[in-house]
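In the part that follows, the structures are each spelled out as structure tokens.
Next come two complexes, and both contain subunit A; in the first it sits with subunit B, in the second with subunit C.
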Partner chain A sequence: MADRKAPASGHDKLMIGQSATGIYIAHAVLILGILVVAFPIYYTFVASTHTLQTILRPPLPLLPGGKFFANYTEALFGGVGRIGGVGVGTLLFNTTVMALGIAIGKIAISILSAYAIVFFRFPLRMTFFWLIFITLMLPVEVRILPTYKVMVDFGLIDTYAGLILPLIASATATLLFRQFFMTIPGELVEAARVDGAGPWRFFFDILLPLSRTNIAALFVILFIYGWTQYLWPLLVTNRNDMNTIVIALKKMVSFADADTQWHLVMVTAMFAIVPPILVVVLMQRWFVRGLVESEK
Partner chain B sequence: MTPRVVFPNKVLPYLLVAPQLAITLIFFYWPAGQALYQSMLKEDPFGLKSKFVWFDNFAKVLSQPAYVNSIKVTVVFSVATAAVAMGVALLLAVMAEKVVRSKGFYRTLMIWPYAVAPAIAGMLFLFMFNPSIGSVAVLLRRLGLHWDPVLDGTDAMILLVVAASWKQISYNFLFFVAGLQAIPKSLIEAAAIDGAGETKRFWTIVFPLLAPTTFFLLVINTTYAFFDTFGIVHAVTGGGPGKATETLVYKVYNDGFVNLLLGSSAAQSVILMVIVIALTAIQFRYVERKVHYG
Partner chain C sequence: MATVDLKDVKKVYAGGVEAVKGVSIAIPDKALCVLVGPSGCGKSTLLRMIAGLEAISSGTCSIDGRKVNEIGPTERDIAMVFQNYALYPHMKVYDNMAYGLRNRGTPKDEIDRRVKEVAETLELSHLLDRRPRELSGGQRQRVAMGRAIVRSPKVFLFDEPLSNLDAKLRGQMRVEIKNLQRSLGVTSVYVTHDQLEAMTLADMLVVMNAGLVEQIGAPLDVYEKPASTFVASFIGAPPMNLLPLIGDGTSFADGSATGLATPAKAVTIGFRPEDADVAANGEVPAGSVTLPATVQAVEPVGAESFLHCAAAGGSIVVRVAGRATAQPGDNLRVVATAESLHWFDQAGKRI
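Then we have the complex of A and B:
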């Protein structure tokens, strides 16, 4: 950006070669883009405030209807018949446990292993590093069946541990922390050692506070990752009360079937998409940073 | 690199890597090894007898018309999704770079889809586009467009591509904006002074300098379309109608869990593994180059 100050009126400043018309077109394209991007979510909200009868007689009005409280209360406290009488509350709880478990678990085990790899010297150090690194190339999708079998053998079907554990080994997070730790000057470690700080003291009093922003950034990304999982919860949960909200939603929806409770489906969909959207929007600064950096 | 200052502990580092290593070995290497082993076994449907058959499963899988079809479906789906998601995102990012006012507002709304699970994105689009109760489908019909993603394979594919790209626009948008910001404005202004119009400036300066970002996103989007879209396929079409939208990952799942063809499913897993390794290798090789442009 040129160094000129923006005019006091707050209008778009023009760079050399830019025309005012060009700026208007840019705004128009962006607004159109926003409409396309936001419409499906807005439309879900609209549908969640109408009666089932209104939804079954398309096209749906573009404005919210008057059934907001009726529909939301029914979904939250009525027990949605389609998914075996499990309320939205249980589903939200399961999904939150899974998303938090994955985010916190991943950060914890990768920060520890990155710490070991950067700040210690020990036999097999590089072997371990490569073992972790190669897992980048083994996403769940390519080893579905055998991983499922491991879950059965360990009795982890329909447990929170089963939902969380297999997804928390992450090469990306380890690589990110490793990269960051390598930028920490050796003098800092030396000073800490001279002052008599052991490795744990150094980790908790110096390294963790320094990694705060990295942890926040990673947390947002991983929370979304955990919340939006599909294949894994589909495989390891059989009981309805262990489902995540995304899987439950899939079970509720049947397009061939006339008795799908669309108004309740749409309320459930709102509950499934609003929490992660809030996390992304409220933690936008860390989110953008984490996204751009973790993929570097 | 100068030798780092390190802690002298001998046992502690092993304890620190132990949790990650344990999980990696149990849930990654062991199953991956099993997949490799099983891909060379022939098992009867009851799992009672098995025979080591070397590469028979691979030969069988690759000669199956259904598998070849699935490769085609995946390629069409990935290319279309990457093209749409990246094209739209690039257009929006270029426009967002031009404006100063409301930039933050645009970005905030643009990142919403990132938080939506792919499966839910698929269901929302199916809700809008399905022929019986979808409002958009009804409007299309009134315009005389015959549209039925439930029965028509091409329509189903279009629906999947639209839903999958919608979800990916946020991600591409953020990266394109970051890439555009790294291009020195003086370069563009100099071209403007020399009389290059907006379109010309874009194609001769901005687009070439954006190439590293574009290439990086191409790899990421391909990986996304290959693997992360299982939820969309499973929730929206279930691979149908016919086998018109059966992607490779969906087929692994379907053959393994639904049809219980263990050897075939394992062989397909191994083929996928090779694809991921190739994609990751490409990514790492070219991400190095990205550094030159910041």
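Then we have the complex of A and C:
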């Protein structure tokens, strides 16, 4: 068409009906969004590189200070006095064990239960399905007291098992896998049977590889879910060396006797943020594929 | 080297629906048996019962003389080619073909030798590293065949394997399957709803309808001597012309006399479009049926033409060689000779 406005230079892939002004506005909005999200994190990082005195004497500089190594070394290896001399390294280890345990445990349990529900015919199959489904309506908070009692009776207070086990069943993940398994054509199952694959072979050789994008997406979501758990770890851990990083962070801030060591709090906060970010960044490609694409 | 014997096989589903109502077929060694019929006739169910994917409600299925009713698909030593190929999407072509062998604990070098050998025969050698989604429909079809062949099973089972291919490729693959089956000499059961596929492939043709066998025989025998009106109208394209008779078989539905020596109890007369001819007003051989007909439509196919006509209170199709000169609305005289006539009784059975 002759009367169409020529696209702005350098933007030859404009969407239909999009003008150059529109692009500037879109970018402005996006950049503003990034600033709003990223600035607090940046500021936390800046604060983690200054001395306590600098932080307590406003205004806080906008550029990183020179105490990066001193602060981070103190937090990691010195033992943070506020939480009973436990180093951030221990906290990180605890949290990683819990988050991994929850993510892997949830995936393993839910993929197996979905496998049973979709591919096997057994009595009360639908009853079991609905039982799993109904647990969706019972959040952790509702059953937290009985769960706590059970953990005490089993002697699982202050153990990794106590941190992980109560959070390990997932109706959501089971439903997700069920929906995916139902899209697998019956012919494929039959071909595997003719090819001599028993239930386990079929599961490991065919179902698991086909589910890998779903597993990856779920892993990202569940890892972050586990990492940010607050209420349950708070209840089930008493010893300082069994704390997760989120709990420790809270304890460090609310210590009433003395000045809060803000520089170490900031370092700990940075350590609490980085692993989930790493997981998302490293698994981003899989994560997106698992959410949008179904294997053909 | 295997025979397949079905004796009074029935399939009753949980809801009481009877999909297969007692079928007995004895398939000799190395034969290619084609089960053909309209959708819902139970042919696929029957195949799946031979495969062991469906339980047999009653009757027996034996492979190579051994009763296999209670044996799973793995131990029956069969291989199946599915309609949608059912290739493992995450495995390379090589692994797709090797999977069944691996599950049976075949040594690695043996697997490698056999996969490469079969890939060679099927011209798949250059595709062994591809995944199914990177292949065309025809190539996927070949891989599915290769997966079956590589195991060298006792019996091949084909479940409408060509129905997802375009017409040209289908014709090509049909010939290939036939040649392959011949050269391998493996007993095969092939399910299709396409009568052309059935006619060209079969050593032994089984026409099924509503869960029962209508006729078993060599394709040309079935074509020449259809056992029932159903077979007559299912085998052959276009199907046989069937005209109802009234008054003890002496006249057509429109009341005109047949002028034929009708066998007793005949209520339907049939003749194939290719056996009928358009005759001038001259003499016709004794015993021929002669019908005044009005052309309603002309279908030129190229080498031949089909005239759709109204005649004797029904409609008939006549095949004429080359191009048809007739136009819609023309009145013709259609003649079919005595030896090309088929007679059927009240139950639709051949007389």
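Assume the second predicted complex is superposed on the first by the 265 of 296 C-alpha atoms of A that agree within 3 Å, B and C clash if a C-alpha of one lies under 4 Å from a C-alpha of the other, contacts with A are read in each partner's own complex, and residues count from 1 in each chain.
The rule is simple: a contact is a pair of C-beta atoms (placed from the backbone, for glycine too) under 8 Å apart; a residue touches a chain by one contact, two chains touch by 3 or more.
All figures in this text were calculated on a predicted structure; none of them were measured in a lab.
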| item | value |
| --- | --- |
| Clash-or-fit label for the pair subunit B, subunit C on subunit A | fit |
| Angle at subunit A between subunit B and subunit C, C-alpha centres, nearest 10 degrees | 100 |
| Contacts of A:216 with subunit B and subunit C, given as first, second, both or neither | neither |
| Partner chain in contact with A:201 - subunit B first, subunit C second, else both or neither | second |
| More subunit A residues in contact [subunit B versus subunit C] | B |
| Touched partner set for A:157, first subunit B, second subunit C, both or neither | neither |
| Contacts of A:52 with subunit B and subunit C, given as first, second, both or neither | neither |
| Partner chain(s) touched by A:190 [first = subunit B, second = subunit C, both, neither] | both |
| Three-chain overlay, closest Cα atoms of subunit B and subunit C, distance in Å | 7 |
| Residues of subunit A that lie at the interface with subunit B and also at the interface with subunit C | 187, 190, 193, 198, 295-296 |
| Residues of subunit A touching subunit B in the complex | 1-2, 6, 10-13, 15-18, 22-23, 25-27, 29-30, 33-34, 36-38, 40-41, 43-44, 47, 55-56, 58-60, 108-110, 112-113, 115-122, 125, 128, 131-132, 135-139, 141-150, 165-166, 168-169, 174, 186-187, 189-190, 193, 198-199, 202, 224, 227-231, 234-235, 246, 249-250, 253, 255, 262, 266, 269, 272-273, 276-277, 279-281, 284, 287-288, 291-292, 295-296 |
| Subunit C residues touching subunit A - in the complex, by the definition given at the top | 51, 53, 72-74, 78-80, 82-90, 99-100, 103-104, 133, 147 |
| Partner subunit A, residues of subunit B touching it in the complex | 2, 4-7, 9-10, 12-14, 16-17, 19-21, 23-35, 38, 88, 91-92, 95-96, 98-102, 106-121, 123-128, 130, 132-139, 150, 166, 169-171, 174-175, 178, 185, 188-189, 191-193, 196, 198, 201, 216, 220, 227, 230-231, 234-235, 249, 252-253, 256-257, 262, 265-266, 269-270, 272-273, 276-277, 280, 287, 290 |
| Residues of subunit A touching subunit C in the complex | 185, 187-188, 190-198, 201, 205-206, 209-210, 295-296 |
